[in-house]
């Protein structure tokens, strides 16, 4: 799970650029804390705007962070010009998303020409403590450069 | 999948109240379109604030809608005073979330004293067309009334 | 979910042949009960050899039936010469696998050039009753004819 | 993920006994290689009887091994007299199950009074090499001693 070799020497810049093109990440207050080949950590501050009925962060928002961490982790390893799409993910919710700050940490488990499998974990940070609150396993699909350029057309995951 | 009998005669009012206590739903612009015992439809307008890099709605936001539809569908069938938590869900993304409006339709597949299994589908609505864009299967857990009242304490899904 | 058009006019014969090449299906006593484009029903008799600690059929065996139903349902819709691989699946277990006979019914939810998403349900049959015992959602991947012929070499799902 | 404290001092003997009551494990040739609190490794030799159309082990059989590893890992941590049931699992298949021998290694990620979440990985062993072929994340449910004794009656996962 270590020592992935990016195919795109410019992986860092394009991964950050792709992340920043996602307005949802800005709206949710999620940013990149660490980015290595096949590994990405995102962070998000608590915001009452994204809570569920008990005042904790909504599971869908936690999932957005986990999914995005997986997507960018997979993106670091695909060829220049290719795009990435999420095929599927599963989230297990282990504890309430209660904290001042949240971290979403993803790792590529198996890179592939077409499909990449990632795992991610979400943590709630409060005081000095860090509590595991959710896990994700997901599949992402690389779009060949030509397909990736036809945005809004051929983007279905199949 | 039809003819569920709610245990709580007041299920409609408490389901709506629980939904409305979720600030995330308001922030995301998601509202209830239909609510029957074991079945819930939510709707959401397109908003550029919740898009990914291609201008489509982010998968995490689609998942938030699907998860909430499942949660409220399960909630309609639990006893008065009980609470509901998501244990896990899996989302398959079938097509880009491109549309003017989105629908999230959930059905209880198997109600239970402790665990309830739901399925949900997300549709993009554009022009007169309705396109299936994602599916979810998820597990929800009922919290006994006593546990449900200790908010912020015993809410872990285990 | 109806009216799928097979690309391979010979889909029926090749689907049955692929199924019959799976020794696991024979060992588990699973056979095809119905096969239409994008829809497959399998059946299995109860066998004490495949039980768990309570005398019910093991969840892994139920999953083998569900996965195979999905795989053959996807196979009916792919081009001549192509192969099929399972990428991932999730199983929810709803009730004990107690019965004289079991049915596994799969439907293609979204066919695709590369990926096909299927759903399946497992039922226990006992007396005249039919009880839903498990659900599956899964992703399958078509292998291009050339890849499919290099059996034992390029079969990784990525 | 280390240092789990079993509630049942006799966890080792009862975990092994539960495993051995599963005839499916014997039929599939799966046995326990290592058992610690919250961690279980199972092994299985290749058998042509459980293969799919390319001669590799069927995904359902790999899943049976992964699920059982999770079940026993969860079982090591539950109170004396309690039983365990699988609620759900998701399997990602990463590479063909080609090898002389297979290992299924599970770890408890989050133990709980009612629900326990586990992760497991399957490896193919061939020559000296060990290849990751599948991952699982799953949820298991503890049955209270009274329920666990009513075998064949109250065993539904809900």
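As written, the chains take the letters A, B, C and D, and residue 1 is the first residue of each chain.
FYI, a residue touches a chain if its C-beta (ideal position, glycine included) is under 8 Å from a C-beta of that chain, and two chains touch if they have at least 3 such contacts.
Keep in mind it's a predicted model, so treat the numbers as computed, not measured.
J.: Which neighbours does subunit A have in common with subunit B?
T.: The common neighbours are C, D.
J.: Could you name all chains that are in contact with subunit C and with subunit D at the same time?
T.: A, B
J.: Could you grab the centroid distance between subunit A and subunit D? Build each centroid from C-alpha atoms only and quote it in angstrom.
T.: Here the centre of subunit D sits 29 Å away from the centre of subunit A.
J.: When the centre of a chain is set as the mean of its C-alpha atoms, what distance in Å lies between subunit A and subunit C?
T.: Spacing between the chain centres: roughly 31 Å.
J.: What parts of subunit C, by residue number, touch at least two of the other chains?
T.: 87-88, 90, 92, 94-95, 110, 117, 139, 156-158
J.: Would you tell me which residues of subunit A are touching subunit B in their complex?
T.: These residues of subunit A touch subunit B: 18, 21-25, 27-28, 48-61, 63-68, 85-96, 98, 151-152, 155-158.
J.: Which bits of subunit B are touching subunit D when the two form their complex?
T.: Residue list for subunit B touching subunit D: 87-88, 90, 110-117, 139, 141, 156-158.
J.: Can you list the subunit A residues touching subunit D in their complex?
T.: Residue positions touching the partner: 90, 92, 94-95, 109-110, 117, 119, 132, 135, 137, 139.
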